[in-house]
Each structure stands twice: as structure tokens, then as C-alpha cells.
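What follows is a set of structures to go through.
Paired with chain B in one complex and with chain C in the other, chain A is shared by the two complexes that follow.
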Partner chain A sequence: MRITPPDTGAVPDCCRKGLYSCLLPAGLFALLCLAWPRVVNGDVFTVQWAWVPSLDLNLALRLDGLSLLFGLIITMTGFFVTIYASSYMAGHPQNGRFFVFLHAFMIAMLGIVFADNLLLMFICWEATTMLSFLLIGFDHEKSDARENARQALLVTGAGGLFLLMGILLLKSAGFSMTLSVLSESADVIQNHALYPAIFICFMVGAMTKSGQVPFHFWLPNAMSAPTPISAFLHAATMVKAGIYLLMRLHPVMGGTPLWMSTLVLVGGATALWGAIQALGPCDLKRILAHTTLMALGILTLFLGGQTVLSLTAATTFLMVHALYKAALFLAVGSIDHQTGTRDLNDLGGLATRMPLTALAVAGATLSMAGFPLFFGFIGKEIMYAGALAEDMFPLFAAGITLSANALMTAVAAIILLTPFAGTLPAHLKNTCETPWTMRIGPAFMGLIGVVFGIMPEWVSENLIQPAVFAFHPDREEIRLFLFHGINLPLVLSIITLTSGAVIYRQKIRLRRGIRFLTDHLWVTMPGLYQSGLTRFLTTAATVTRILQNGSLTTYMSVIVFTLVVLTGSVWLPHVADIASIPAVTGPYIAMGLFVFVLGAAAVVVTARHRLAAIGGLGGVGGGVALIFLVFGAPDIALTQLLVETLTLIFVSLILLRLPPMEPIVKPGATFQARTLRNAILSISAGLLVFTLVSGVVSTPLDRSLTAFFETHSYVSAHGRNIVNVILVDFRSLDTLGEICVIVLAAWAGVHLIRRPFGQRKAP
Partner chain B sequence: MKSVILKTATRLMIGLMLVFAVYVFLRGHHEPGGGFSAALLAGTAFSLLAITNGADHVRKAIRIRPSVMALAGLALAAGAGLPALFFGKPFLTGIWWQTETFAAGTPLLFDSGIFLAVLGAILSILLALEEN
Partner chain C sequence: MEHLLALTVGILFSGALFLMLSGELVRFVFGFVLMGNAVNLLIFAAGRLSFVGPPLIGKTGTVPATPVANALPQALILTAIVISFAMTLFLLILLYRTYAQTRTLNTRQADFLSESPGDDSDSDTPEKDHS
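Showing the complex of A and B:
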């Protein structure tokens, strides 16, 4: 039995259920570790269950080197983020929901990287979009969190639709939805007429998800999520989905001039713009968000290459970035949590108060800046080598990489030195170190960079090479070494560090300049997004006002008019060939009924009071029911009669609440355009339906279905009433759908009736 | 409505109509009728009750909320499709239990589902109209 601790009013140190839930990512990580040695040997694990085979939708999972690398990063980050969040979110009233979202997010992301079927991948892709919406807007009491969540949802959701289009087009070109099958028909796909369209669709999907220019603006705003989520979202999940997609598609679609030039240019622009903007803000979290843009740009840039070298550079940098970015976000969250601020101007000298966090940040930032002996150094070396080996624009790529890295070095220095070095401001005197749960994650991920930096051979053999082999056909071995000798990349590395130091010295002036620049841009993507959204909403409101104006007469007229025009335009040219006036046969009583129905219809049209009109309608319905009976359709007659009765009751109940009927012909007026219009519409609709029915009657009826039901009804369904047997047995799925519609319609109707017009909220 | 005649007649007729609804429901398998028609009939009976004695009377008579009735109907109809899965047949295949002279099966359950769903839908609209 559990004893509830006494409520002391203090915030608990740690949320137990959150802490225990780290077993999920830990378990998944351990499972991946079991498969790891065999994947390094080149084994590929596949599982497949049929889901909707007719749509080529299978639950096909595939574990190769690339999936393994991503899986390890996701589960490891997920593990540390969960432990971290158990303290960070402690005392939050909705932290149970938080951990559910967090783990669902992780599983959706794992789904993306393990899916071998493109539709399955798309489903997981959309799941990450939805869950990121929930997580970014987790603090839903704040309006900017809601706004940013909506922005992320709209941008990435729109990209998701492009991705779906791309998948469907790719299926028509490559005749498969399975990635491993598609990569075998790369030649066919790349020479297909649809290739540019497919490429654009996938590219837009990846660009929106991975925050590439010009869809980058949602990513910095997404940091209104709780910090552990930002760490997870920036380092391992969500934004890496687009990069993963580009990697996976590389063997299928990569290597064409279109692919290479687009990726290099888009990636380069994103990297440069992200790196420049990172110098602007004073908010540590916002700085980090912009550096993620730079990293995503660099990754895209290198995926534009075709050589093993540039792809190895991308994969290495992916790892480097995941480690330092997760560590830095978590550490910034710790600073925020302990001091209540993450503004650079308010921070300083924290190294003495939060030593382990400072150490973690030092490890992460030195890796980010690319100091020798850190993993980031290895990454930077191979980046320069890869940039110079690009097939398209190698100098552009090298220039972008150089300037972005120099800026990153300066940013790394800012992140490390400003909060931790210098004198401790008075208001931070009481700051203390975080609980162990919030230290372990940043410390591990910040310092493992040193371990990887010292033994790059092991990393390249066990993680990077298997991943690159999974999406590049050439098994060319690229080893990472601590020291490659004195060559061009090393020279570039030294230039990077020196210019980074120079930029750091000028940080205040640069910050002012960049702020001035971003404030005075004529066209900004957030501005375009905002005005586009506003315009979209006003257009929607206008369209709604026109189409949904609340007048039942207008609705009916539009429906009938559409029916007459669309059906008539197809049907009328053939009317003379098919339809014929059927011979008048049948019992005399039917004649009497026809006359009765016509008379009732005349009553409806000329009635001056609603009750008379309703009575007339009832007469029409009842007469038609009797006609059914005379011609031998007792089932329909019964139903029609019952429906007519009920309708009459319902309509009379409504009638009591309506204002008196407008006279059809207003007193004093002899002619009205509205009456004429309605009359023409009604008569033409009536004539159209008449010719249609007569056309149906003159076409010979295929009786094979009737024969089937006649023979099988009693034998296999024990019923002699074929109509009912069809309804409840042979075609019961249809009936199930229909009763769902009935219940839904009733539900909607009840809510429409219950809310009186006076109490409606203004839209 | 304050008509004493209608009120008295309703008291006599409603029982008859409901029994007739059950009859129509059961005969549906061999002759015109079935769950849908029976629900319309029962709905008409309750409408009569609502008009003469008020919506509260109907609520007391049916005991459960009409929306619950409609959803229960949907659940029953969908649930009637499940036994087929245990026999390895497609969802909603009729499963029959029969003797020499008598056969009953899941379509009966399905039809009851239709009855409840349609009646629930009718009653919820009716009560909303009456109570508004």
C-alpha cells in the first residue's frame, strides 16, 4: 500500500513516475545494443506484418546501420531527458501527461527510423507532428506557447502533406512503397518524367520538418516547449526526421544535379542564416535554437554530396551535434531552473555554484567549437574534407562550412564563458547545484564527446561506417583519425578557431548589428507566415459567410441547382437514345393514387399556412407509400409510411417555434422573381428525375444479384425477407455505417436545437 | 397539449404500439419489418407520449438517456460482428445457432443494435425539441 506523503507545500525534488518511466528508453536502448554487433557485421534485421496489403501498406520494420545509429541516439537522449525531466517537471500538475507525450514522441520517432514502408513512415511522421504540437503547447495557459505550437503544426503538417504526395508519386514511378525495394530501381526513378515533382514533394517535406530556409522560423519558436522537450526535439527527434528522410532517399533519388544543387544551396543558406542569427539574442535557449538551424543546414549541405566522404561528414556531424546539443539544452534548462533566468546579461560566475553543470557545458561547447581532442574536432576535420570533395559547388560548401563553424565557435564561447565565468552577480549568490537527476544527462552527453574524440577509430568502425554503408552503395572505407597530418582541413580548422575568437571579441557590436538587421528586413518569413495566415482566415470567413449564410432556402436552391446542372449536362444529350416514355400499365387504383399525390403537391405549393403545407407533404409521402404497396414493395411502403409519420410529428414540433410564414406572393405584388426562380428550379429538377427514372426503367435490369440473394437468403441466412436479410446480414457493414451516420446526425441535431440562437457566440 | 381525449387514448395506444413494434421487429426476418421499422414505430409511440404528457414522462419511461441508448445500439451492432472473428470469418459474418425447427444468430443482435441506435437517435432529437 502506498502512503501519500504529507503535503508540505514544497515542490517535490523528483517525480517518481517520471523517473521510473526512464526504463522504457533504457530497455529499448539495451535491445538495440543486443543487435548492435550483428549490424556492424552487416546483418539487417527485418520484420513484416501485413496491415492493408491492398494499399501496399505493411508494418515493415528494418534495422540497418543508419536506423541503428538514429535509434541509439533517440533512445539514449530519451533516457537522459526522462531522468532530467523527472526533476525538472516535478510538482507540475500535469507531469503525468508530459511523460506520456514524451515517450509517445520517442516511439513515433523510432517508428520513422525503423519503418521500411513509406506509408508507415508517413504515419509515424505525422504522429511526431501531432505530438510536437502537444509538447510545444504544453504550457497551454500561455498564449505564445499555443501560438508557437500552432505555427509548428501548420508548417510541419503542410510539409507532411507534401511528403504524402511525394510517396504516392514515388509509388507510381517505382512501383513500390518499400524503401529497400525502391533503392534497387533508382535508375528508373531518376529518369522518370515525374522525378522533379517527386523530388520537390519530398524536399518540401524534409525542409519543413528540419527547419530549412525558408521554413525555418517555426523551430526557434518551438522552444516555448519545456526545456527537456526542446533538448529532445532539437537533438534527437522531430527536426532530425527530415535529415533522416534525406539520408534514406539518398540511394533512391540522390546524385542527380537537381538533388545536389538544391540540397547544397538550401542547406548552405540555412547554415549561414542560422549561424548569423545565433549571435543576435541574449536568451540562451534562443541562441541554442538558432545553432540547431545551422547544424541542420550543414547536414543538408553534406547530404547534397555524392561522395562517401561528404556523407560520412554528414553522419559524423549528426552524432557530434546530437551529443552537444542535448547536453547544452539540458544544462541551459538547469541554469534556468536554478536561477530563474536564462538571459546572458543576468548571468555570470556560475562555475563555482554549479560546478558539474559547468563541466558538462565546457565539454559540450568545446566539442561544438571543434577543439582538438573533442569529438567536434573530428567532425570538423571530416566536414572540411567532405566539403572540398562535393560534386557541386565545393568552394561554396567549404566557404559556408568555414564561416558557419567560425560563428559556431564564437557562439560556443558565449554559451560557456558568459554564464559560468566572470563575477557572480549579487542576485545569484544563493544558487546551488541541481539534483543528481538533472546533472547526469548533461554530464554524460557533454563528456562522452571527449571519449569519442580520443577514440574516433572505434566510433567510425562501429557507428558511422555501418550507417553510411546503409545509404551509400560504395563500400569505400573512410576512417576517422585523431590526427590526419598537416593538410588543408587542419589549416581550415585553425582558421576557424582564430576567426571564432575574433568574432567573440566583437560579440556586443555584432549582436547590435544583427538585431538591427533582423528588425529592418523588408520581407521576413515569420511576417509572410503571419500575413498569409491572417489572409487565409479572412478568406475562409468570407467564403463561409457566402456559402453558409443560414438560409435553408439558399442551401436547397444550391443543392438542387447543382444537381440539375451537373446531372443534366451529362444526361440530357443521351436522353433521347435511352429514355422512353413507359407504357402506362398497372392497376386502376394506382391511377387514383397518382391523382391524389398530384393534388397533395398542389396543396403544398399553394398553401398559405405552414400546417397546410405540412399536411400536403404528408399526403404526398403517404400517397407514394401506397403506390409502393400497390406495385409490390411492402418493405419500402412500410418504412416510407413510418418515416412520413415521424417526420410529420417532428416538423409540427418545429413549426410551433417558427415565425409566421412569409406569404409566397406578397400582398400587392403580382409577380416575384423569387417565385419564378423557385418554380423553374423545381420543375426542371422534377423533369430531370422523371427522365432519369424512365431511363433506368428502359434499361434491362441485371438480375444476377437478385438471383443470388433469392437462392442464398434462406439457405445461409435463415430469412425469407430478402430486403431485411441484405440489410442485417449480407451487407451488414453498410448498415453499420448507416446507423453510425444516423446517430451522428442526431447528435449534431440535438446540439443545434439545444443552443438557442440568442446565446450563440459571435464567430 | 391539454386534450384529455388524446391523453387517455395515448395511455391505451402506447402499449399497443410498443408491442406492435416488437412484433414488427421479430417478423422482419421473413416478412416486411425489422429493426429500423420497429424503431420508427416505437419512436412514433414515444412522440405521442411526449406530445401529450411531456418530455419528462418519456425520460422516466425509457429510464436511460437516449444518447446512451443510441451508443449502446452502435456498440451492440458492432459487437455482433465480433463472434465471426473467433471463427476465423470476416467481421460481421452471421454466426448461427440452430436446431431442427429454430435458428438464431448474430444478425438478430445486429438488428437489435439497429433498433436501439435508431430509436436513440429519434428520441434524442424528439426530447431536445420538446424540452427547448
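Showing the complex of A and C:
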């Protein structure tokens, strides 16, 4: 396992490089802070460069309240994750590659949230898919990391294709590709005939990316990435991309019954299933991964609402979740790094050994559970208010939120109490605190949870309201307060905390029950994915075996058949045009030559012995040469005769070393289906060629090229044999190519003869 | 006359394809040579047949004095003849090599197919899994 440095303060030299790279997210964060006050005032920054204007693809970037909130979360998390990783990944042989991937991932995610052009957003979207594949499979020597990386790539990549389809449908319906323009035509889009199709495409894209049921299974598996990556991926990037997309589309497509019911039901199912499953595992990281599912489900659920209240709830919870989830993932990574285990059964009493990490986890989990004075409490209050204000299924939404929150409270208690409270097991006696680089991130983000919890008015004014205004037309002000008075949300909060405590006390029994349930499900999505993948691969293998079976006859048959059918289907309707074949005029000797050539060809085709076939070939070659001679082409007649002689000599030489031919029709067999099929194929191909050539010669001939050669042959090239002049002068490059073919054929032939015969493969 | 030549070309094509489809490699080569001839005649027909003199310029003039045969297809056919000769030769050597290696020239025999390139699927390296 990893080596734990004994001292707590010093940073080893080898991780300096990683540490310096935190300047990139820090700088971006600072830039965003510069723009922050003006964005709060309602300013919107835009830049635009034309990229591919014909495709409506422009490098259009836009910074409004929502982009700012996401940008701040991404860069802040990126900053702390980089600092953390500089120690966590220290000594890893692919350290440099890790930081390049990490920062590229961050930039791609920033591209998604700043893009104002849908196609540009899609490009960044796909970039995060690719980079997450590289990061999840970063430990590529482990087979499960490779497997999980592939799963994430396939699921989110397929979703990306749906997103692209949605964008193209939107474009084909005649709408703009620019997001900020799109929301002005919301009414037209929602009444368009293509609206359901467009909505489903965008929805599948968002659902796969954000791990919504039924595409949720890749997300818990993605934790085979190194822990800093998991923290980044779960808290700020990748899975939040789907949520961001839904937020951006809300003013464009939101508010219809289809939108509201889909989002509320899908989100509710994801939230409940994620929260229930979080109680099952003993691996701390896996527990956290399931709680992310719950959070994403809740966010989707609230985005289904139409009121400012429910959208404010979603935005607030987004911040709450980003803060506590990043802190918890990093802290779990610290526990793993220092003790070598993440199993709840092996951990306990670490509070004395890792005091600052324990404090950070306490801050984060109390926020997660929603205790008063923490930011999570504010989030929970507004969530209940928002759920009750949903337009569709408010009671369902409130019930889901209540049960998911109660389960989250119990999970928060498990994460805090099991590793840190109780007695210290003997094998953890030598555990010590992490270096400062690994403490600062969790501690700072845990602290923000408290600060924001105490001053919610500032947060709502400077972060949440500008963000909500960016994607909701109504400028209704929702202010967050520490204490809203005794009302229904407060009562629900108290119920949540109490039932969370009850669940926590029953955790062992519940864990057993949930494991039993998940082990005995009839149909599971991972199972469907696995069997679907296997079936896909076997189908591909079968198709390849059929199409690429190594048989020359099959390949030839397919090629000839395709030629006949495709060309024939286009050409046959025009055959009637050449129906009137003119009467034959001309030298009758030529007709005799045609008959001679055909007779010789018949000898070749029907020959039983090689000698007869060779003789037939000679007859065909000679006949063709005579045809050339009759029609004024003595040059090619000469060449043809020469080449024909040489060919026959070579054929005879080689055939001397080969066995005799087998008869086409086996002796004794009267009828062979294969021979018949070959005959039909070749005769129809021959017919096609005949009609095509007839068609060609029925059209008038354009002699302008020939006329050019005739007039310039002597004047420009000083040659009296026009054919020779064309070959060596006008088209001399063709002749060079021809010579190259001969040289290559000769070279390859010599090597084929001289190369020693290799060993045949052992059976 | 061109239409008759077109018919000849079509029949030659049929014969050539029938031989190439037979699955026996010696016949394949015969079919290949036949098809080379058929294609040359096809180009020739496309340039039209004319019962006139060859495309030559007399000693006195700078252009042909009387109508001559179409020179362009002749140049193309000259190139085509030479290339099909090179390909035929290469095919013959390939045939020789194939027989030396597999001891059969019938593509349908199992022995012949066992040399097909789809055979090397068992080259996966064992998993290197160390945590």
C-alpha cells in the first residue's frame, strides 16, 4: 500500500509540481471573483467569435449568475482537489499525466457552464465524457478500473449522442443554437410538434450524465477513480453537468406537464433508491457515491417545479451538496491514505489521531444531516417549502424529500461516528494526521458550511438569487434566513432529524435487509447493462464471422451481387433508350474475329485440362490483338501480342508446379446449386455490362480531347505517332505510375518466392 | 458494330466472372486474364470503332491528313495491358506461394481456410493485476 510520511507538516519534494498547478484554478477563481459584483448587479458578460458560422457553431461564451455559481464551485473545488492530490498522488509514476487530465477535466466543465452555443456546449460535454473515462480508469492496471471506465464511457457517451440528437432536432425545427436567444421562443418550442422528441433527447442526455434512474449504475462504480477525482467528479463536475443542462433548459422547455411529471418522478425515484442503497455498503467511498445519487435525484425533483421557491431550493441544495460532498470525499481519501482501509468494520476512534480531519468531517456531516446553524439546515428548510410548492405531485415530492433526508441524516451519522468515535482498534494505533495539503481542503469546505449557515442572507443575495434569476423569468425575491419561525418546514425538519436518529440506531439490521434486497432483485440495471453488452459483442462477432468468413467465393459473390443489384436498379429503367440498335455496317472480318474470341473464351471456361485452357487464353489474346489491328490500332495490337505471349509462358511455368485442375462439376453429380448460382450471377453481370456498353456507344462521342492531341502532337511534342506522344509526353505521369506498378509487382513477387516458408501454426 | 463488340464484352465478362467464382485458384487466374481482355475491349468500344488508318501524322503535315482512329482510348489500353500483365504475374506467384504453403488450391477446403488471418484471436496477454 501507500507509504505514509511520518511528519505531518512538510510536503515532500516530489509533489511540488502538482502543488504549483493549483495556480490555474486559483487564477480562474480570482477572475470570476472580479466579475462577481457586477454579475450580482445583473450584468451579463458575453464574448463571441465566429468558428463555423455555416453550422451556427460559434465560440460564444456567456457569464451570468448561474454560470458564475457553477464556475465558482468548479474552480474552488478544483483548487482544493489539486492541493490535496499533490500529496495524495505523490510518488505515483503517472503523476504528471494525472494533473493534466484533472485540469483538462476542469476546463471542459467550465466550457459547459460558460458556453452560450448549444453545439459548443456539446463539444465540452463530450470532452468531460472522454476525460472522465481516462480519470476513472486512471489505475489502468486494475481490471475493475478499466471495466468501470468503459461503463461510464458507454453510458454517458450514449447519452451524449442523445443530447446531440436533441440539439439537431431543435435546429431542424428552425430554432437558434444560442441558449440566451432560445428562451425567448419558449412558447413556440413548447407547442412545436417535435417538442416531445426534443425533450426526450435532452432528458436522456441529462439523465445519463447525472446518474438518474435507470442510468444510475455507472456513478457508484466510477469511484474506482483516485479519490481526489471522485471528489471532483461527484461534487462539482461531470454529474453536475446534467443538472446544469436541466437548469439552462428550464426557461426554454420547462413548465409543461411532460417536463414536470418526468423530472419529479425520475428525480424522486433516483433520490429514494440512492438514499436506501447508501445504507447498504460498508465501504465509506461507496456510501458517499450512493448519497450523490440521492442528491442528484433531489435536484432533478426540484427542477421539475415551476415556482421560484422550488428552483431556489434546487440551487441552494446544489451548493450545500457541493460543499459537504467534496469535503467528505477528500476526508475519506485521507482516512484511506493514512490507515489503508475504508471499511467501516475496521475503523473507529480516529478522532484522537486525526483531529482536524475529524472536525472537517463533523462540519460536513452536520451540514449534510441538516442541523441548525449549518448550511444544510437552510437548504433543508427551503427544500420542504419548495417541495410543498411544486405544481405536480407536491405531496409525493415532500414525502420523497422527507424520507431521503431522514436516510441522509442516518448516513451522515454513520460517516461521522463509525470511523471517528468509539475505541481505536489495535491496528490503527500508529495512525497519524495527514500533511497540511490534505487537511486544508476538507477543513475549509467544512468551515464554509458553518459560515454560510450563520449568514444565509448574504449567500442568498450574492450567489443564489443571481443564479435563480438567470434561469427564471420572475424576479421574485426569496430570502434565506436562519430562522423562519415555527412553520410546516420546521416541523418537517424536526421529524427528519428524529427519524434519522431512529434509522441510525437500526443501521445493522437495515444494512442486512438492504443487502438482501439488492442481492435478490429480479431485474437490475447493472445486470441489464452487462447482458446487453455481452449480447452486443456476441452479435458483432457473429456478424463478422458471417461477413468476413475468409472465403474468396463469398466475397466475390457479394461484390458481384451488389454491383448487379445497385447498378442494375439505377440503369434498367433507361435500357429502353437503346432499344433501337442500328443495323450492322462495317468489315465482316471483325464479326468473324468476335466469334473467334468468344469461341476461344468458351474453351477456357469449359476446359477440363489446363493445357486446353491455356490454349483458349492464347486464342482470346490473339483474337483481341487482331481486333485492335483491324480497327486502326497497330501499337496496342503489337503490345497485346507481346504481353500475351509472355503471360502464356509465365502461366505455363507456374502451372507446371501446381496440381491439375479439379472439374467444375464433380463427376457423378448431375446438379450443383452452387454452380447454378455462380452461373446466374455471372450471366446477369455480363448482361449488365453489355447493356451499359451499348448505352455508352449510343450516345454521341465527344472527340475534343482526341482533337487536342491530334493538333498538338507534332506542333508541341514533335512526335508523329499520336499514341506514343500521349504516353510519353502528355500523360507521362500515368506512364510513370504504370512503371511503378510493374516494379512493385516484380518486387513483391521476388520476395514471395525467396522468403523462407514460415512454420505453420500449431493446431 | 460497336453493339456487337459490346455483346462480346458482356459474354467475356460472364465467362470471366464464372471462372473467378468457381473457388479454384487456377480458374480464378484464368478468369482474371479473360477479364483483363474484356476490359480492354470495353475501353476500345467506348472510344468507338472506325475502319480507318492508325493515329499517325504523315511525313509532310503537322496534323493527320485523313481521319484516323481515336488515339486516346489506345493510349489508355496500352497502359491497361501492361498493368494487367503485372497483376497477372503477381497473382501467379501468389498462387505458387499459396500452394507451397497450404498444399491446396481450392478455397473451400478447410486446410486452406485455416491459414486465414482471422486465426490470431488468442493473442491476449494475461492480466497484470496488482494493487
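Structure notes:
Keep in mind that, in the parts below, the second predicted complex is superposed on the first by the 555 of 763 C-alpha atoms of A that agree within 3 Å, B and C clash if a C-alpha of one lies under 4 Å from a C-alpha of the other, contacts with A are read in each partner's own complex, and residues count from 1 in each chain.
Please note the rule applied: a residue touches a chain if its C-beta (ideal position, glycine included) is under 8 Å from a C-beta of that chain, and two chains touch if they have at least 3 such contacts.
All values reported here derive from a predicted model rather than from experimental measurement.
Once the two complexes are laid over each other on the shared chain, residue contacts for A:Ile742 go to chain B and to chain C alike. In the superposition on chain A, A:Leu424 contacts neither chain B nor chain C. In the superposition on chain A, contact of A:Arg754 is made with chain B only, not with chain C. In the superposition on chain A, A:Ala602 makes contact with chain C only, while chain B stays out of contact range.
In the superposed three-chain model, the partner touching more residues of chain A is C, compared with the other of chain B and chain C.
Shared-chain residue A:Gln640: touches chain C; no touch with chain B.
Look at A:Leu727: by the touch rule set out above, it reaches both chain B and chain C.
By the touch criterion stated above, A:Ala590 is placed in contact with chain C alone, chain B being left untouched.
Using the contact criterion defined above for the overlaid structures, shared-chain residue A:Ala717 touches chain B, although it does not reach chain C. By the touch criterion defined above, A:Ile649 reaches chain B but does not reach chain C.
Residue overlap on chain A between the chain B contacts of one complex and the chain C contacts of the other covers 634-635, 639, 643, 646, 650, 654, 657, 720-721, 723, 727, 735, 742, 745-746, 749, 753.
Residues 24, 28-37, 40-41, 43-44, 47, 51, 67, 70-71, 73-74, 77-78, 80-81, 91-92, 94, 96, 98, 103, 105, 107, 110-111, 113-114, 117-118, 120-122, 124-126, 128-130, 132 of chain B touch chain A in their complex.
Residues 141-143, 548, 550-553, 556-557, 560, 581-582, 584-587, 590-591, 594, 597-598, 601-602, 604-605, 610, 613, 617, 620-621, 624, 627-628, 630-636, 639-640, 643, 646-647, 650-651, 654-655, 657-659, 661-662, 664, 678-679, 681-683, 685-691, 693-694, 696-697, 701, 703, 705-706, 709-711, 713-715, 720-723, 726-727, 731, 734-735, 738, 741-742, 745-746, 748-749, 752-753, 757, 760-761 of chain A touch chain C in their complex. Within the complex formed with chain B, the chain A residues making contact are 634-635, 637-639, 642-643, 645-646, 649-650, 653-654, 657, 716-721, 723-725, 727-729, 732-733, 735-736, 739-740, 742-743, 745-747, 749-750, 753-754, 756. On the side of chain C, the complex with chain A involves touching residues 1-24, 26-30, 33-34, 37-38, 40-42, 44-59, 61-64, 68-72, 74-75, 77-79, 81-83, 85-90, 92-97, 99-101, 105-108, 113-119, 127-131.
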